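Same chain, two partners: subunit A is paired with subunit B first, then with subunit C.
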Partner chain A sequence: MDDLYWHLVDFLQAFAAGLLVGGTYGLMCVGLGIIFGVMRVVNFAHGDFMMLGMYAAFYLVTGFGVLAFLGPYAGPIAGAVLAGPIVFAIGWLLHKFLISRVTGARVVAAEAEGHYAQIILTLGIALVLANGGLILFGSTPLSVQTPLSRESWEIGPVFLNQARAVGFIMAVICALGLYLFLTRTNLGKALRAAADNPTAAAYVGIDVDRAHRLAFGLGVGITGVAGGLFAMSQSFQPYIGFDFVIVMYAGVVLGGMGSILGAFWGGLTIGLVQQMSTLILPYQLQNTAIFVVFLVIVFFRPQGMFGRVWERT
Partner chain B sequence: MTTRRTIIKQGALGAATLATSTAMPWRMLRAQAKPVKIAVIAPLSGPWARQGTLIKWGAETAANEINAGGGIKAMGGAKIELVLIDAGDSAEKAKNAAQRLIAQEPDVVAGMGAWLSTFTLAITEVTERAQLPWITLSYADSITDRGFKYVFQSSMPAGKQSVETLPTVLNLAKAATGKLPQSVGVIGDNTASPTAFLKPMREGGLQKAGLKVLFDETYTPPLSDATPLIQKVRSGRPEFLLWVSTTISDLKLGLEKMNEFRLAKGVVPVISNGAHLGMPEVLKNLPADLIEGLMYSVANHQVKGQDRINDAYGKHSGEPWITQDGLAGYGHTWIFKEALEKAGVADRVKLNEEIHKLDLTSGPAADSFPGGVKFDAAGRRTNAIVCIVQWQNGKPLTVYPTDRAMAAPKWPKTS
Partner chain C sequence: MLKIRSLEVAYGGLHALNGVSLEVERGEFVAVVGPNGAGKTTLFKTISGIVTPLAGAITYMERDLLAVAPAERAQLGIAHVPEGRQVFASMTVMENLEMGAYTRKGQQRWSETLPMILALFPILAERRAQLAGTLSGGEQQMLAIGRGLASAPELLMLDEPSMGLAPAIVDAIFERIHHIHRNGLTILLVEQRVAEALETCDRGYVLETGRVAMEGTHKTLMADERVRRAYLGM
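Then we have the complex of A and B:
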């Protein structure tokens, strides 16, 4: 009886952890989903923009103490939110001066729609951001310290980590807000049009480069918020981006190319598989389990969970 | 009037002046003997850059001291010149760094590095072929198990650390609670050092000590969340947890999760292994009350009698206290200095012979390593001891060996 009880608690606890971690994964994937899934820009520096979000939150809350007046609970949450605009601005500038050379209307006729150049350029940016981060921020692991990350809300025998739970709620709000922006506003529709057919979009008066720039800034900004949320629970250093970039791509493809909500579900699925696989598999196979499930899903649904049929993986 | 005698006199004077003027720089040149190059291969970029930087600071502190004290006296006051090379973030990059060193720096006579056992194993494959004496702090037993002649290990190997740690910890528990613990939970990451540390325990060491192993889990670092692992502690309730990880990130996730599950602050005492657990940045990631009481074994940590080293290192690096990495960089440089004094020449083979002959019980090199400096034929430090360190009042203090301890150990009595 006791064994059965603990098996049930183990299951519920792993499910809760998967859901909460998956929420923040989902937000990261939504950010990449705009850039890779919708705008079709390959961005290997995406994990490093998340790292910038972590440092932005850290310096706002702890380093410079700008948000210290909000206290140890609200301060880190506000820091995560404000990391978004900061990373948005960095993304906007990088796109204006570098990434615009290999995206948008300029590469419509280029081989593989400019993806080769995008891979090389964004890999270069990733290296510069990680090593520049090492010079600027140093190699010391840091985190945004808050009681939220070590306290929980209890629902029966299940503990919900407060930082993860807040992160989950914020992730859902951000993902929904972005979905509504892209589907219900003229600007959002212009972004999608510029991504679907840059030439036709230009004919109807859409500034394709500007649309791409806005989408890129939004994508990395959203991921910056996810980074700020992760910074409450995890230690980070300038090389942390690499640990997440594969998960982000897997989430976007799993959810379905071109689908923002799909990217969120993709990230959520990865979180659930990662945590719940430990119930039956050795812990060392956590990440292997993610890619086994990934392969199974794309085998049966090559377009991903929410992708369009003509956009296969 | 200029006579022939005057001309001869002036000529003689000129020649004497010339001789003096040429002799001065010659004497100065003799005084400024060719510097002796010592390599430091350490991760200066990537996720382990912090540890590499601490080694570098330790080596620089020692080199500055040696050079200020007149250099290598047996070699005409030759200065120590450090050749710093980044090992990067993978064994492949570390091996490339070693190959670059051998190709580009033929004058290097010895070296140290590269923190992570996996890197050291790769690097020493290259340095051994080049007959370059190499000292490392890395723990893996396999580093000095390969029959290499030019590799020295200043730390007690992980397998032996494990054997030494367990009875010490159990005795501490008995002294505090009046009885030996009966059960343990084991969690370790799958990198080389934790694997080597836990191997003897997993292969019967824990059972021999009368401990029932309630769970034994191995994970791949870094963790994204520690819930499933700590859930094992929650449902199993071992009398103590043996948790060996190599990253501060995993430590933070684990201890915070234990706090969330009401298992922290001594409810289930945590015993660990590794120098990173005593680094000052632990306090930048965890509040002092959560880390209080954490006990870990490590090959080296600040002990009584190292105040001078600690002060010099602190002045150079700005660090609040010295840890194993800084002590290794400092001590290894001094070991090379002592061996060079005996060798008298910058020759790799001769230097290697002299390192093997060293038996240092005093001086900066011996002070850096409790137990002194003497290597066996395999390159292992014969008198190496394991230090047990415990976080007390926001500082990691050595609690064992007792004669060099900075504080008395405390075992939580709430377990």
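Then we have the complex of A and C:
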């Protein structure tokens, strides 16, 4: 009886940990999902934009101490949120000067050739960001110090790390905000229209290249916020993006390519599987478990959990 | 209102348009007819800016249209209802209409245009919350026309509104287009269904392999021996 109780506690503990980390994954996946959904571009550099978000949050809070006046609790949270606009601006500029040359309305006609250029370019950006990060920030693992990461809320026998719990809440708020932006505002609807049918969008007067720039900036910016939130409970170095980009892709595909809300659930699922796999599998097999579940779901639902078959032509 | 002079368009060396000239006056209903591959859709894409011509000029309300960015052309009052409808499939009927009203003028006139569109196509009011991708072909065509009207345009360009639709629905759609024209809107129509198109228009152009083979008023074209034999099956 006692044994069963502790198994149940372990299960609940892993579930809670998965939910909390999954919320942040979900936000990262939403960022990647909006870029893929609107631009149909596979952004290999996405993990590195998350890394930029982590460093942006770190320097705002700890390095230069711009946000030190907010104190140890609010400071890191504000840092994560402010990392968003910084990464947004970097993404906006990169799109304007580099990515727009291989994407957008003019490239659609070139079909496959356009995609090769996109893959090479985003891979190149990934390498430049990761190695540039190494030069600028150094290789010492850092983290955003907050007393939250050492404290827990207790719900019965289950412990919730406060840094992760706050990260989860912020991630849900950001994802919800983005959802409302896309479904309630004219600009958000125009983004969805440009994603749905770029030609028809141009006919109604939507500047598709500008919509792409906004989507790219938003996508990396949101992932930057997720990175900043994650940095409160995880140490990082300039190469961390590579570990995450594969997991983010799994989440986006799982949710259904092109479904922005689905990407959040996809990321959440990844977090749950990753944490709960430790109940039955060795710690090193976490990512293996993710891809086993990924393959099973994609086998039964190739369009992902929330993808619609007729949307793809 | 719209003047096209010696327009030439080529895709990878292949000439799609070979010196096409065409005119539309304010309030007119002009039809461009001709067989598949004559260059009709290319003509529309060039007017909308999706395709860039090699040579030629397009003036719209005394402005050089080729100097205007594609997304800005809708702001000038040109509404393009594309071939194959191209509704925003993953968005609701209402959102499709809202996107039609994306232009400044569309925003300003929304409170007048929306009831007008819903009166014209009552089925859209019934289906307002439905995703456009789940509508029937005829309903999607009505939505595409409604989306075009939502911008409160000066010129409505319709590309093959009859495509893939049952004859009864084609008749209904043409009747609605006629109604829109009677209410004062200038219409430029491209059609493969020559009989229906020539019957409703004021003036027509016959496009063959990228050239204007014939032009004239609705009466002269309908009476023309070649048109009757080649297109009307008489």
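Basically, the second predicted complex is superposed on the first by the 306 of 313 C-alpha atoms of A that agree within 3 Å, B and C clash if a C-alpha of one lies under 4 Å from a C-alpha of the other, contacts with A are read in each partner's own complex, and residues count from 1 in each chain.
By our rule, a contact is a pair of C-beta atoms (placed from the backbone, for glycine too) under 8 Å apart; a residue touches a chain by one contact, two chains touch by 3 or more.
What you are looking at is a predicted structure, and each value in this text was computed from that prediction instead of being measured.
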First, second, both or neither for A:G177, with subunit B first and subunit C second: neither
First, second, both or neither for A:N186, with subunit B first and subunit C second: second
Between subunit B and subunit C, more extensive residue contact with subunit A: B
Touched partner set for A:G205, first subunit B, second subunit C, both or neither: second
Which superposed partner A:P72 touches (first subunit B, second subunit C, both, neither): neither
Which of subunit B and subunit C A:S149 touches, first, second, both or neither: first
Touched partner set for A:D196, first subunit B, second subunit C, both or neither: second
Touched partner set for A:N287, first subunit B, second subunit C, both or neither: first
Set of subunit A residues, in rising order, touched by both subunit B and subunit C: none
Residue numbers on subunit A that touch subunit B, as the complex places them: 6, 9-10, 13-14, 16-17, 20-21, 131, 134, 138-143, 145, 149-152, 159, 161, 164, 233-237, 239-240, 243, 271, 274-275, 278-279, 282-284, 286-287
Complex contacts: residues of subunit C adjacent to subunit A: 48-50, 69-75, 79-80, 82, 86-91, 95, 98-100, 102-103, 106, 133, 147, 151
Subunit C-touching residues of subunit A, taken from the complex the two chains share: 105, 186, 189-190, 192-193, 196-197, 199-208, 210, 308, 310-311
Parts of subunit B lying in touch with subunit A, wherever the complex brings them together: 45-47, 49-50, 52-53, 89, 190, 217-220, 222, 224-225, 227-229, 231, 235, 247-249, 252-253, 255-257, 259-261, 281, 284-287, 290
